[in-house]
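Both complexes shown next keep chain A, but they swap its partner, so chain B is in the first and chain C is in the second.
Moving on to the complex of A and B:
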């Protein structure tokens, strides 16, 4: 039995060895098409169905009024605007931090390298909800951070929870591993000797990073920025647990419309609008960065 | 297009892709619920409610009938979950689901429940008439009712009525999850119309939201869900909070806190209707369970342990000590005490109210 399994694996390996890289991607393209595009098309269809009271939506109907309703709703557009600003702030904080961390891990050797990389990998093994709740304990008025601050820096507890500060902290912590690993994967392809060459030519440490490492790592930085921005803009757990109603993102509102109001049509329309807005913002940011690098 | 040892044909690749997708389906199928032979699965509301429900109702039923029962507590998302599975040919996630108000009506409109065969649930004859008649009980038997009250710290000032909630010196917390409760409290505070008519009459919604704006400015913390109310009380962020009476009593006792619960003369309330989900493979056992749940002694123990308003009216004649003197004992008193939202009457304005509420607390 084991021999038969082994020979099957060998046969599969032989066959796959001759397949081009493009062809190997086909199964995953099919998988993504079924899971992502299928769900996306359904979402789009629901967003174009007429809403009904005390029901999900009116089957078989067509309307664009849900989009108009959402786009003219000051509250929902305010949440979308907040979500994009939140994503931008989190990205602006996380990507530089992640780059420094990834750079340190790339330049480190031996145990230090393993420790730095394990640090981010272990963080990924912990559920996002648990990580966010850990911050609730740390940031609360009676939490660890306030205990350190009261008596040394301030006389009374500082408000770190139930506001944008708490949400940004929770999201930066959640996003950091993804940014580090994305940037590191690109840094690992660079030739470290190019830094030495730049230093030999008179560049200082920072200048060698700016002139040599950053351009080389640009694809990783861009990818990490897009991931960080896209995920944090539509974050759910951190805004709910670490923020107040003022910090609700568009994802929280979509969830509310789906489960509490049971208004699937408007929820789906808001979802589609959010996706377009966030992808457009991320795309514009990427183009701007690429153009800036080219100009520089 | 013939495959060779060196390359894959397009057909081979499609087969591989198909196999991958089918394999994923099979793999996820292994994580499934065992199909038709699964135990009776009951879904009450989550939190302290679900714990008491399992301890009193489910365990008693298991012991008496020897039927295996799984408890899967949840919140509003269960209706969406059922909407996605009922009628799709898949296995329904629950056999019985306990849902209140708007969720119950949505479930009926969406065809998510089987009609209750009342000949199999004779104990329903003892349920309060107003609970059975307020909205149709064709698809779900009322199991209990819950009211909102004011949880307060014994050491500080607190309000005994809704009017005093905002005029007392103690900081106040209100719930964002069940937005209707906060709006019903506002309606009860208002003197424009009697009772909670500002909530139940669509033409009064503008006034209600305007009054709610003033209320929201006075609220110190908007908490999100039952777990958070304890955090904000224990941290001292608020000294009083609008909270469910039953959950409040249970939490105060289990945590050993010096808190109290006040219930004004009339209070925002909900009834939970327990429904058999459409397509349930355990319909007979489900109805047996509903009948057991409504039995007088089960209801009495449920009230005693969970502090809910019993659906079985015979319990009211001899309330357990834990709620004696708290709830009315007759139909008329109960009607005046419980303020239940008229979801059917405002069905065209629910979004307006929900969005208006969220806009004002943001």
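Moving on to the complex of A and C:
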């Protein structure tokens, strides 16, 4: 019985090893096609249907008025522009911070390396809602930080919550693990001795990182920036819990349209517009960066 | 070799420890201007650590490093007048050959035209003209090797430090690159410290060698001197294939199963080192002039024809270990396996006491 199980495993292995690597990703591609592309197409379809007060949208109808409505809505466009600026600020803070952290983890050895890496992994294990609430406790007017500040640095509590500061802090914290791990995975493929070589040939500490590590880490830095930007600009939890109504992102507005107004058509149109806007901003950023690197 | 024996590099009592483990222990030596000094030793003997301490990539726990007379122990790598050619070359993968080579002049703040000109001239010297715009991954091992040399030479250091730069090449290429290193050395005249575990490489390149073991520098000298007058058993063993034959000293005589030697030594147990070129074979009849102390007979176990040389493995009577005997192809006595031969050895072999110290 066991023997035949073994041999059928061997048989399976033989069969699989004959298969090209491309074929092995077929299940994944099918999964992604159905779930991502399928959902995307449905979203697109809904965004082109006429809205109705009676249900989510009017089935079988075609119109572009939802897009026109959304794009001429000053409030919604203001939210979109805020979202993109928020994403840009969070990315500008998180990526350099994450790069330094990842670099430290890469260069560290033994216990220190393990501690640094498990630090970010542990942060990933905690639910986003809990992380956000933790910041509420830290940042609120009666919170830990204000209790330390009042009487020592200031006379009255500093408002750290209910504004963009709180939202950015919360988002930087939750994005950091993704940035660190993305950059680290690329750094790990680089040869540490090329840094030694650069230093030996006359480059100082920072210069050798700039000259040798950064070009090698570029794919990781770009990937991390795109992930960080596109996730933080459509953040939901941090803006809701750490911000005020003026920190609402497009994601919050889409959610409001879906659940409170029950207006799927406009919600879907806003979703599609946001997606296009954010992806093209990320794309433009990437192109600028690569062009700049090449020029250097 | 230059006549000027001014020390370009000198190490004084250098020690490096990793935790409790001593990587190098009280190492001192001087490298003269313009010479090639080879640090030779088995892997893990501390030779690379020593080299990195000279480069400033490793900082010593004790001792000092001097380059051209000034103390550089606390100077960082980038401000030292030394340059390393790394073991796996450590070329910058995202830079072209030209960009790699002009790196050091660029760090020095030289103008774009000036540094490109310098780099091109060095690239030409190492024989890579036409490859300026290639990336390292497009080059063969030997070419990468040349880029690594060019990159270090372009820094115009007082001291060139080579960390086993040939260990990644196959045998033929390695031999070619050894000669290339000599040619480059002749052309640039750089004082060079070369680290290797390969005795042939060290002996081909070095003006002087330093033999290291377990973090200690054991012996320094010219290759022929170190080879013929090893300080202890380790050096003798490391520098060439040899058979150690046990013996006893009594009344100024060393008795071994192979032969008896006259020796000025204290009584006790010793080991006698017999290198392949010190063991002679002849036809079974005792020859009138055997070339050394005649010692009886043995049987040829193996004959290995390596082309230019022929090697015999001989099982001498009353000896457990096999002796090696080597002849050039021209002088090959032409014995075959299984044949009984008369074995003789030189009359003044190197003798070591039980602690491995050289006795005579």
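By definition in this document, the second predicted complex is superposed on the first by the 281 of 296 C-alpha atoms of A that agree within 3 Å, B and C clash if a C-alpha of one lies under 4 Å from a C-alpha of the other, contacts with A are read in each partner's own complex, and residues count from 1 in each chain.
Convention: contacts are C-beta pairs under 8 Å (C-beta built on N, C-alpha and C of every residue); 3 or more make two chains touch, one makes a residue touch a chain.
Given the structure is predicted, the values throughout are model-derived calculations rather than measurements.
On the superposed chain A, the two partners chain B and chain C both fit, without a clash.
After overlaying the two complexes on the shared chain, residue contacts for A:65 are found with neither chain B nor chain C.
Using the contact criterion defined above for the overlaid structures, shared-chain residue A:27 touches chain B, although it does not reach chain C.
Of the two partner chains placed by the overlay, neither chain B nor chain C lies in contact with A:290.
When the shared chain is aligned, no partner comes close enough to touch A:156: not chain B, not chain C. Once chain A of one complex is fitted onto chain A of the other, the partner contacts of A:263 are limited to chain B, with no touch recorded for chain C. Once the two complexes are laid over each other on the shared chain, residue contacts for A:7 go to neither chain B nor chain C. When the two complexes are overlaid, the chain among chain B and chain C that reaches more residues of chain A is B. Working from the superposition on chain A, the chain A vertex angle toward chain B and chain C, CA centres, sits at 150° in steps of 10.
In the superposition on chain A, A:81 contacts neither chain B nor chain C. The superposed arrangement places chain B and chain C with a least CA-CA distance of 31 Å.
Against chain A, in their complex, chain B makes its touches with residues 4-8, 12-14, 16-18, 20-21, 24, 75-77, 79-80, 83, 102-103, 105-106, 109-110, 176-177, 179, 221-222, 224, 231, 235-237, 343-344, 347-348, 350-351, 354-355, 358-359, 361-362. By the touch criterion stated above, chain A contacts chain C in their complex at residues 191, 193-194, 196-204, 207-208, 211-212, 215-216. Partner chain A is touched in their complex by these residues of chain C: 55-57, 76-79, 82-84, 86, 88, 90-95, 103-104, 107-108, 151-152, 155. Touching chain B in their complex are the following residues of chain A: 14-16, 18-19, 23, 26-27, 29-31, 34, 51-56, 73-76, 78-79, 136, 140-142, 162, 240, 244-246, 248, 253, 256, 258-263, 266.
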